[in-house]
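You will see chain A twice below: alongside chain B first, and alongside chain C after that.
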Partner chain A sequence: MRPAIAALVVGLVALVLLAGLIALPEPGAPDSPAQRHVSAEYIDGGSQAGGAANLVTAVLLNYRGLDTFGEVLVIFSALVAVLVVLASAPQTGSAQPAQRLAPSPVVAFIVRLMAPFMAAFAAFVMISGAHLPGGGFQGGVVLGAMTILLAVAMGRDRVARMLRGGARFWVRAAAPLVFALVALIGWASTGWWFGLPGPGPFRDALVLALDIAIGVGGAAVLAGIFLALSRE
Partner chain B sequence: MAATDLFDLAVLTLMIACVISIARTRDLVKAAVLFSVYSLVLCLLWVHRSAPDVAMTEAAVGAGITVALFLYTIAHVGRHEK
Partner chain C sequence: MDALLAHLDYVAVTIVFCTGLYILLVRQNLLKKLIGLNIMETAVFAFIVTTGMVDDGDPPLLTGELGPLFASPLPHALVLTGIVVAVSVTSLALALIVRVHREHGTIELDELLDRDGR
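Showing the complex of A and B:
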């Protein structure tokens, strides 16, 4: 009886989703509403107003600055939630220690060999986000994944020691803080929240600082979640 | 059928196969690794749809970080679903 009900529910949901799918325009169709209204506007003025030669970055930083700020806050809140939950969990000293994950020497060597290249790629993605696909967040997840790989290969505690005390606190909060600062600067110089000053070296510096802060802060948040969860 | 449709079809079939295997297996490590494969294949679809920035995030978060977190949790709670 229960499998039949489950199958019925799955079938109904699939039907609704497929009906919605059929109503969607062809991807990239030039006459779909998305292409005729918003896109044309973005393509016309996006790179001028958006502060970045790459249109996706321009839209994320300018037209949807508030959304991006919200995303940055979401991952920061995730870290805070993990830290609060794990810090308030009762200390169970008698609990069985988790099986040590000792990677094979081959894996550990490959990870240590690749780490500098991953870090360089992450930095490249962050810095060139203004004119190539990518940006602070993408660079940040690459950097965060590298840190987690290093924690697995070299031992969690060695990686956790890399950033301690006050520096750890500020780096983890860097993305929302710098983003809020840029929003304030935008407000002061253009009268709009998340507005960017006119084209020039000042705007380029702001966008670069924002990308690096989102990247490094995002990486610290992701690594922080992993380090908090993997604490014995 | 155009080559690009064929690519989409292959990718989507692989993704559905991954999802069905994840639902059927009782070995949690296997499920986590299959989830990583699912994300990698989805990442190909993002590249194909000209969204390299989404693909980059998918590869790092979906195929990398999430699975590392899953595996660490599985090391704590035990490998087999009861």
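Showing the complex of A and C:
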């Protein structure tokens, strides 16, 4: 599209958006609709019904467990789709492997030095997600970023070899599988899909298992997408 | 004007959104179009998180001291879902771009359209 026409379109969109947005309550107002209705219910219900002291985790893992199940399925499907799109293509003559530049020894050393600390931080974010800011997705992103950094610093082949065939498949599918399992456990113990049992160690263990599964599975999926794309 | 100033956060979000939309419309390089889409997504996430904010509110954690005002946990949880979907869309689009480059040797949209004789 020509820049002038595009600028006109964008300007019109901006006008419409602004006209709508300034009619909303001011950001930060305590009585805006976003703070009432459903949100107020969640805060009132608190940890009693929610399953975690961190209400964001409570919303994700219990109130909207089905949504989150869909979410881990979406990212798992993305990995499958990426692998399919890249695997089924015929190789044409122009596709020769790109010249791989080795990163400087300083970068490689620092990345390898920091990797255990990044992994420990990822584990902390995953495990403490029930009562502190954090959770499975955040920890998974840290762990996935660590894996990608290692792949850049040490070469993708060494990282790809860390997990072999069967184990790699199960780790990548960890999040949807554990979610399905917890949904069944909830159905068996409370009669509701994704229902969590009453407060106690059993419920804490289920929330922890969900967080760790989301984190490890998410990290494996992110790393898998990166490894598939970087093969080009 | 006062209304604009009171909603300064939303004005900033609109500017970021329109920047992304402009890049998406004007750039011919598919990778740059994807970056434009990501900028638009970021603006939407910032908007949703902003709606959940409360002035002087506490984070929605039930462990510490509880003040009278809480930030709403719902927008944060929904944005997490949105980010995951955005990552999935980005990775699939990247894979498709790689595939287009492999089959046609270019990721410039105008060159791809020219080749089709349009």
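Quick notes
Quick note on the criterion: the second predicted complex is superposed on the first by the 223 of 232 C-alpha atoms of A that agree within 3 Å, B and C clash if a C-alpha of one lies under 4 Å from a C-alpha of the other, contacts with A are read in each partner's own complex, and residues count from 1 in each chain.
The rule is short, and it goes like this: a residue touches a chain if its C-beta (ideal position, glycine included) is under 8 Å from a C-beta of that chain, and two chains touch if they have at least 3 such contacts.
The structure displayed is predicted, hence computed values, not measured ones.
Touch criterion met: A:Leu21 reaches chain C, while chain B stays clear of it. Once the two complexes are laid over each other on the shared chain, residue contacts for A:Pro30 go to chain C alone; chain B is not touched.
Contacts of A:Phe137 after superposition on the shared chain: both chain B and chain C are touched. When the two complexes are overlaid, the chain among chain B and chain C that reaches more residues of chain A is C. By the touch criterion stated above, A:Leu229 is placed in contact with chain B and with chain C alike.
By the touch criterion defined above, A:Ala119 reaches neither chain B nor chain C. In the superposed model, A:Val152 lies in contact with chain B only, and not with chain C. Residue contacts after overlaying the shared chain place A:Val56 against chain B and chain C alike.
Shared contact residues of chain A with chain B and chain C: 27, 56, 133, 135, 137, 222, 225, 229.
Residues 49, 52-53, 56-57, 60-61, 64-65, 68-69, 71-73, 75-76 of chain B are the ones touching chain A in the complex.
If you check the complex, the residues on chain C that touch chain A are 3-4, 6-7, 9-11, 13-15, 17-18, 21-22, 25-26, 50-55, 57, 59-63, 69-70, 72-77, 80-81, 83-85, 87-89, 91-92, 94-96, 98-99, 102-103, 105.
Residues of chain A that touch chain B in their complex: 27, 56, 98-99, 101, 125, 133-135, 137-138, 141-142, 144-145, 148-149, 152, 222, 225-226, 229-230. Looking at the complex, you find that chain A touches chain C at residues 1, 3, 6-7, 9-11, 13-14, 17-18, 21-22, 24, 26-30, 32, 34-35, 38-39, 42-43, 46-47, 53-56, 58-60, 64, 67-68, 71-72, 74-75, 77-79, 81-82, 85-86, 89, 91-92, 94-95, 131-133, 135, 137, 222, 225, 228-229, 232.
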